């Protein structure tokens, strides 16, 4: 059974069809990528899977369970995590607290218990703190633990967002343009980080414009154009597909 | 029928008053995304300043114009001295600043003009017009007429003039507006000045009907805020519709249900509208873009 | 540790720790403490009250004070808020150690502190309207009041209506405490006085228009007279709307409209309206034999000279309270609280501007009803209804 | 000692030491009112400061907390504690019922909706004359536990002080917990919070209800202490006062809002000498503080202090 599957997924914005009857399945294991020219529907697909948008038609299944009607937070609790194209960090929190928030689905979230300082919660707090520190180290941000997110540089925020997503120990990690806006060195770091994540057993789906990065990282690639599937396959297959080349050349996005 | 007409006139008059105040809210919100809780005080200032100038022997028209200019100056000062220095503050901080401003303005008005209430003479007499068995004061027509003129004027300003378009551009995207060379500082000053002037004009127009004193701003401000929200913040037409909805609902509820809870009507409407339309009747519905 | 510094500094400043608060009793000035609704919705009461107290304390001091001591007046603005009033009253009692309390412009402010003055055993002259302030007298040992009871106001109106053969009355009342108390009295008194309430409408004091309410009254069956309960700008609007709708039933108001602003604000709409008011309002119309005429005219002149405003009957409540206090201090021969209280209770025939006061153990209002007159607006002036 | 307890210990120390500096019953009364307002603000801060949801209507809960128990005791002769529990239940239920639809709103729309809710409750209390005594208010019986009547400044000082310390302890525990981080997270980014499995709508409702309960409890205590209550306690201006206390003292700073409550409760006492100029000065102070210390007094001063220390 696929870890993630969408069937007949369609989404309209006003008169515009952003995603058109898309079928797509993500198997457990490797790194997947979704590419396509601007406006191809990549982020829309992510937002539909995450539950930010409601589909106009179609179904979304996680591990065979139909989640189409579930709100975002319930899907997250099933093991779906993501990063955002335009960074959505908690600016009012420190680096460490950002990551600790990622632990939410594994922690006792009772308000009453928290107020009364129940031992179980204090214990979870200590364990969570340790886990978050490990995760910060994993993405190489130990030094930023006590800095408020609003004071962090862009490259750091990118990695912090991944650490936060990892904290929820997702089955499926969706990364929306993880390399956008990064310089070559930083891109190298992100590349290594994604490999590390995948090696640790998390399935990764990423949307990315940087073809070098995608071709290097991904084992399977879905190509979207105008909300439709243009091609799907290994990097080599996709590279060889004439339709893909046409679509990219047509919009000036040479790979 | 006569009874219905009477309620209708009352509702239209009150509605037009609320709409005038709401337009002031809308103007400032459009350019700066600040809700100015001192908006009602501009209405108060306009009315009281005119009363004061009249008492000092200035004829009505120059007194009214001078009062509008003075109030506009107060609006500009508010922007320059209080809003501008705190432009990066949180929404609620800005709310407290404008509330502070309204306390300050009320305190100043009470010192200058005392605590008595005053009346301005009606522009064209006090003889009520009789229409279908119901009566309407000529001053109500002034209020309704000027409201219509202002809405048309604002439409022209935003649609046809460069300055108006600059204000709109600032409202949509401040950074982009700055990049195309719009002087944001000036646009903000302008919209506060204009909004204060609008408030003052409202204050002068309604003083013959509602009388005026240093306390009239509070409730008029709240009702105006209500109207602006019902209409959907930032929409001029919405502000007018919102004002009329609130005014008419109050009058009809009083007339056909009960007057005991009349002053709650506006707020019940607010809750009902917002539960079903979280951005008001004409507000932009935003989707999070992530 | 910044927090502690801030808290400590604020507290020290606020609570006046530095000030050597305790002053030798009996040597310094006689302290009169007052908390009034100087601002806010009830400022039509508190403002003239505060002005009157300041004016007359100054005058008394100029003429040598009381018992050879000067009067010291301490006024706090409660803004009509009962919690604020209670805190200021506590401050006056505990911190300023006043010799007498005058104040509470409204019933709410007063009722919030009646228990407090009882425990502090301090004489208290309230300016509030409701009769519960001094009743039951047994529980109000230290509380007195100077204004006529607002129940009496409605009684006066009803008597006048009945004399004109009007028995079906419509009420239009504001939502404030003063207004609602009048409305409640009007409803409760009606059956006992042979009146019927046939319509009952409410407005908020901040309303801009009351034509819908008045239209309902106009179209209600059998309304013979209308009673307005309220004060402030909205009463002028009501009178104006009444005229606009060309309503013909005799229109009455309670004593809340007893100030010149009401008439000027109504733009002619006040003409013919009747209301009960202290004789003060129509002092010029009183026969020369009336003992109140002279003090009332004097007060009106002094107030006008000092503030360039016309008097309202509410300032008169404060003046009477001050006069009663001064009289009691003199007769008690000291500021001993028990003696002053007893002296107030034994006040007899004191001529105030509201009327003539004679207190007793059973009556802590002590006003004769005769001094509450029916008044009519004629040619833009309040005139005594004869 | 965990960092979250440092402020608590400081507060407890102030509560314990303060009576030495209070000269008379008036001073105690002001201290008690500060404590009760602070209690409201500690709860409101969870909603506004941490969860980032504005409310301009919390006086409604304060007012209901005052009126419902008072009425149950007065009209139905209920036991004080039972009435208090019922009052808090009523406050909690109302908050729960309105929270979900209202908290879908954002920014100024939320401000308006909460403001409207508050005003409606105040109007109802004001209008139901036969029940509540209307605008002139009603007397409230002293709180009774068995034959013991809780009266007087000394008693209420310790009740208030103890409740405030307890209230701060509970709030601090919450802030420093998974649930507390969830609240802060939805302030930072609702969509990110949702994507991490946080039930944003649910947490908003819970924060709203908890803050309403703080306000309701403080309202009940205020009414029992003063033995009198008027509809002003539920009114729009009171709501604004509470929010101002929170913002002035410092959003998302529990000690900050206590300081904010202290300042705003003291201001009328400090400014009363200005007489006619009182409102002018009050408005100027509010504006000045918010313009120059937009993050609130305590956080702004703390930041200055850190910078000053770093420089020297």
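Letters A, B, C and D mark the chains as written, and numbering starts fresh at 1 in each.
Definition applied: a contact is a pair of C-beta atoms (placed from the backbone, for glycine too) under 8 Å apart; a residue touches a chain by one contact, two chains touch by 3 or more.
Bear in mind that the values here come from a model prediction, so they are computed numbers and not experimental data.
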Minimum number of chain-to-chain touching steps separating chain B from chain C: 1
Chain nearest the overall C-alpha centroid of the shown protein atoms: D
Taking each chain's C-alpha mean as its centre, the one farthest from chain A: C
Distance between chain centroids, defined by C-alpha means - chain A, chain C (Å): 71
Between chain A and chain D, centroid-to-centroid distance (C-alpha), Å: 40
Euclidean distance of C-alpha centroids - chain C vs chain D, Å: 34
Chain A-chain B separation of Cα centroids, rounded to whole Å: 47
For chain A, residues that touch 2 or more chains besides their own: 52, 84, 88
Residues of chain C engaged with two or more neighbouring chains: 39, 175, 202
Set of chain D residues in contact with two or more other chains: 123, 127, 191, 278-279
For the chain A and chain D complex, residues of the former touching the latter: 50-52, 71-74, 76-77, 80-82, 84, 88-93, 97, 100-105, 107-111, 113-117, 121, 124-125, 128, 149, 164-165, 168
Chain D partner contacts - residues on chain B that touch it in the complex: 29, 35, 82, 85-86, 88-93, 95-97, 99-108, 110-111, 222, 225-226, 229, 233, 260-261, 263-264, 266-268, 270-271, 274-275, 278-280, 288, 290
Chain B residues touching chain C - in the complex, by the definition given at the top: 3, 6-7, 9-11, 13-14, 17, 110, 114-119, 122, 126, 128, 135, 137, 206, 208-213, 215-216, 218-220, 250-251, 254-255, 259-260, 262-263
Touching residues on chain C, where the partner in the complex is chain B: 39-41, 43-44, 47, 175, 201-204, 206-209, 211-213, 215-216, 219, 232-233, 236-237, 240, 244-246, 261, 264-265, 267-268, 309
Touching residues on chain D, where the partner in the complex is chain C: 7, 10, 14, 18, 21-27, 29-31, 33, 123, 126-127, 129, 134-137, 139, 222, 226-230, 232-233, 255-256, 258-259, 262-263, 266, 268-270, 272, 275, 278-279, 297-298, 301-302, 305
